[in-house]
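Following are the structures in question.
Next, two complexes with chain A in common: one pairs it with chain B, the other with chain C.
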Partner chain A sequence: MTAAVETAQTTTIHGDRVSLLRVLGPAHVWALGVGIVLVGEFTGWNFSADKGGALAALIVCWIVGLLYTSVAMIDSEVTSTVAAAGGQYAQAKHIVGPLMAFNVALFLVFAYTMLEVSDAILLGDTIVAKAGVEGLTHNSFIAATIVVLAWLNYRGVLMTLNVNFVITAIAYVSIVILFFSVSPWTQGAVLKLNELVTPGNALPYGWIGVIAAFQFGIWYYLGIEGTTQAAEEVRSPARSLPYGTMAGMITLLIAAAMTWYVCASMMPWEYLGITYYPLWDAGKLSGSPLLENLLFIATLLSALASANGCINDAARAWFSLGRDRYLPSWFSAVHPKYRTPYRSILFLLPIALAFAFIADLNQAITFSILSGVLQYTFMSINIMMFRKKWPLGSIRRGYTHPFHPLPAIVLFCLCMVTFFAIFLGFGSQLIAMTVFYFLISLWFHFYRYKFVRRGDQFSMPWPKPQGY
Partner chain B sequence: MARYTPPQQSKAGQIFDIAVVVVAIFVALWLPLKLGLAGAAKSIDPLDAKTWDALGQNATMASIWEKLGYTPETAHDVIQNHFHYIIDWPTLIIMAIVLIAYFVFLFRASDKEYREVINEKFDDK
Partner chain C sequence: MWMGLSYVCWGISAVLALWMLYDWFKVDTTYSEDVLTSSREGELEAVSEKHRI
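Entry: the complex of A and B
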């Protein structure tokens, strides 16, 4: 039995001890990570072209890819060792402390709930655009998406992630089909990169535009770290989590490169930067009705898969907060029949609905990115503390990432650049959200923490950390 | 070290705590939207001559715009809508101070709590 299995926790329902089910394999981990992220290729990444031009979108695709490779490497090591529901939350609890864990869980809930909101808005807008019916609004589609997916999550994690695996695979294959259908080896027939990205327009705002583009460059990969949320429901965390996460990251790097190449070669950067559906537009511009319809369906499926995974992850982070009494323990209930964190799923449902109706797409995306970058900043410091408190050889690690501390330093530096990029567009929002986290931290530290059982916060079978 | 026994929270207390968190979430996310603080400074730099050439579009670009249903007149506001990146130093400094203060408090307060956790966990053994 692995250490992770030993630490699987239970919740008491009507006198019975009920825990989350260990039913998932590496394919589900891949589906959860890629499913959440793949929508970023169908919308969102292209706003980085608006911020800095088509070439800036490519530069940030690579550099942010480096950021996320660092995230995946670090996350794989820590999660394969601290495998518990809540992912980075459980890591923070064991390595930094309860207040940090509380904040990390809120980062996760905000990042995933706002990503779910963005997905629902995209899905609604795509259907409205396809229908072309005057007076038709996206509201009913948004509401239906969020409610139906919440119900699916309520009914069970295995069914939820099986659905995600299928629809993510279809959406991914559609990008590959589009790529090979437009003869990527030939310029001038369908793809016209040299005529669309010229020395005069490649970086219209210069290097400040490249830095600004980081804000939406994050969207190429945002959410891959969500694989760790399934840690307590994976049959073999030490094997499945690193394997699923790294395979997911490779998949996404390939998809991001193909997406940029096709889209930048098919539409002017000014249009690419504002469209909500760059891949669907590429399908339309190819002149093939088959490709157009395939990319339309794939856009919808990618949004569905992402929203589905986000509900799964946000609910598990919220559930973990309740289970440890960081929030009222009412949230820690596991459904007696479906074995899902059903109260957390239901609680987050109206919050997602409310923001889907008051925020627009790029605002919702920015909310999500902000919480994501705060979390990555934590991760870069967290891995340094992890290695210091439990040096290699002191505990059994499922996976040990190479080149430490280089990935942590790269991650931290790129997070600082991204904060600056967000400042260039959403500085007030960043300050408002940080003030919120500050105030809610004061509330937790000076009031809520009194309800927390101290020793129970450390459930791993590890020796005492060095320096304590 | 004596094992800490937390107080039992009443149902009313639990509901109040949930309300605090929900209100805080909405204030943090919704208020900047309501006050119009979210979003970058982007404005249209108008051109008198609205032709593809004046808009800096070559023949390939113009043909794609037309495929997408645009004319030079309708594309003008898209193409000429530019960001004006100006570094507002006082806001940048405030942002940096808020972020640093937040993380410093977070790590220091977490460490204080963590020591209690470790002491209770390992002093039993």
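Entry: the complex of A and C
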């Protein structure tokens, strides 16, 4: 113990602590956020058409867009102030308390690991579908996706997010190219929206179908809040995080609108709601082999970008738990050469592989969405407490979101609607997950918290909160 | 071609996984645990942001 204290003092004095590298800029933040999310345009969002029809998919596109705009605004304000790896975990630790922080970190790790698993399965299934070879399974492609991306993350965050920027940009541009290739200004030539979406079939299950569609409408934007995990590795958190996150949200709103318009204008809702490849199918239906192949490659790239960002984010959340001793501090090791949380990356690698080989896509997606919505619910409460404890002017904020408390109220209400929608479709999983978080909270409270160095975990140099 | 690609994927996965395990072992045996786990949250902010209490 004494030796450990001496070492800590020595390293502090000489400044040779091994910490994460601050090398990222706003473009990397954009690549991280949009990279994680964009796969949702290539698959996922369209299942909302199965729940409520094509018009329901559009309605949830905008309403869930409102939910995520609130998430992005709230997240930008808090993260530009609490700039630490762990993102929402570090926010919860400083603003709400340790038990909430522990739960939020688990939400993050589950959401991103399950999303990574879903991405890898999607990539493997897409290649198998394209190949059409008997006996070819997706296992090798899943393994390669997860291991190669883990290796990339292991070797350094700058290269990881440079790669993400390039492949995300290619996938995004492919949507734009598809949009302009099908003459969006002319109905009847390629697009037939007025024939496919009519007053008779626009909402086949009525407004309850719109509510049910929320569950998959989340896929238009799921993961944009992951930008905050880069907080400790961006050169200027107060500038880069709000800028990158808000730019990412604008990018995604445009992509979501283009994707819905093209797909709903080319496929009947009955097919759109069940296909795994809405944009690739749109490329095929355009009749152009070039577009078909472009959208096939873009589907793969979007899955790769998403899995890449998810590995980055899940590892940082796990690393932060170790650094505060919420988990064994062994996990908080930073690679002295590559400056990455290498043990956390390696620990989560076999877990992702195991889930990818045994879980099916729907289960993995549902667990990811559930953990995500739990996290968004926390964020609405978190910002109310943040503004109350540290009002404007009491601490420096990199960004102050407008119309408070309206975004927090909107976010909370929409989260409740989404929980109800998930309950309609996956009630047993919702209950199982709630029980899991309850039991793990008991374990943390009664067993694990005694290992935490309580004074060390609050690192922000803030004044005392109001009322304390 | 696709079956060949599948085998290549297994091969790449195995090589990279082994490399990471080797590097992990090398790092953990070269550096002390105190150095590897010396990262602290919010150090930069402590320097750049000072609030009066």
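Before moving on, here are some points about what is shown:
In this text, the second predicted complex is superposed on the first by the 452 of 468 C-alpha atoms of A that agree within 3 Å, B and C clash if a C-alpha of one lies under 4 Å from a C-alpha of the other, contacts with A are read in each partner's own complex, and residues count from 1 in each chain.
To be clear about the criterion, a residue touches a chain if its C-beta (ideal position, glycine included) is under 8 Å from a C-beta of that chain, and two chains touch if they have at least 3 such contacts.
Note that the structure is predicted; figures quoted are calculated from it, not measured.
Looking at the superposition, the partner that touches the larger set of chain A residues, chain B or chain C, turns out to be B. In the superposition on chain A, contact is made by A:Ile395 with chain C only, not with chain B. Of the two partner chains placed around the shared chain by superposition, neither chain B nor chain C is touched by A:Pro407.
By the touch criterion defined above, A:Lys464 reaches both chain B and chain C. In the superposition on chain A, A:Ala144 makes contact with chain C only, while chain B stays out of contact range. In the superposition on chain A, contact is made by A:Ala359 with chain B only, not with chain C.
Of the two partner chains placed around the shared chain by superposition, neither chain B nor chain C is touched by A:Gly248. After overlaying the two complexes on the shared chain, residue contacts for A:Trp330 are found with chain B and with chain C alike.
Within the superposed three-chain model, A:Gln429 lies in touch with chain B and out of touch with chain C [touch as defined at top]. Applying the stated contact rule after C-alpha superposition, one finds that A:Tyr205 touches chain B and leaves chain C untouched. Overlap of the chain B and chain C contact sets on chain A: residues 329-330, 464. Contacts from chain A toward chain C in the complex involve residues 3-4, 7-8, 11, 16-20, 22, 83-86, 90, 127, 131, 133, 135-137, 140-141, 143-144, 147-148, 150-151, 154, 232, 320, 322-324, 329-330, 332-337, 342-343, 346, 349, 394-396, 459-464. Those residues of chain A lying in contact with chain B across their complex are 50-51, 92, 96-101, 103, 110, 114, 192, 195-196, 198, 200-201, 204-205, 208-209, 212, 266-268, 270-271, 274, 281, 285, 325, 327-330, 347, 351, 354-355, 358-359, 362-363, 366-367, 377, 381, 419-420, 423-441, 443, 445, 448-455, 457-458, 464-465, 468. Remark: chain B residues 3-7, 9, 14-15, 17-18, 20-22, 24-33, 37-40, 56-58, 60-61, 64-65, 67-68, 70, 75, 78-79, 82-83, 85, 87-88, 91-92, 94-95, 98-99, 101-103, 105-107, 109-122, 124 touch chain A in the complex.
Those residues of chain C that touch chain A in the shared complex are 2-3, 6-7, 9-10, 12-13, 16-17, 19-21, 23-24, 27, 31-46, 49-53.
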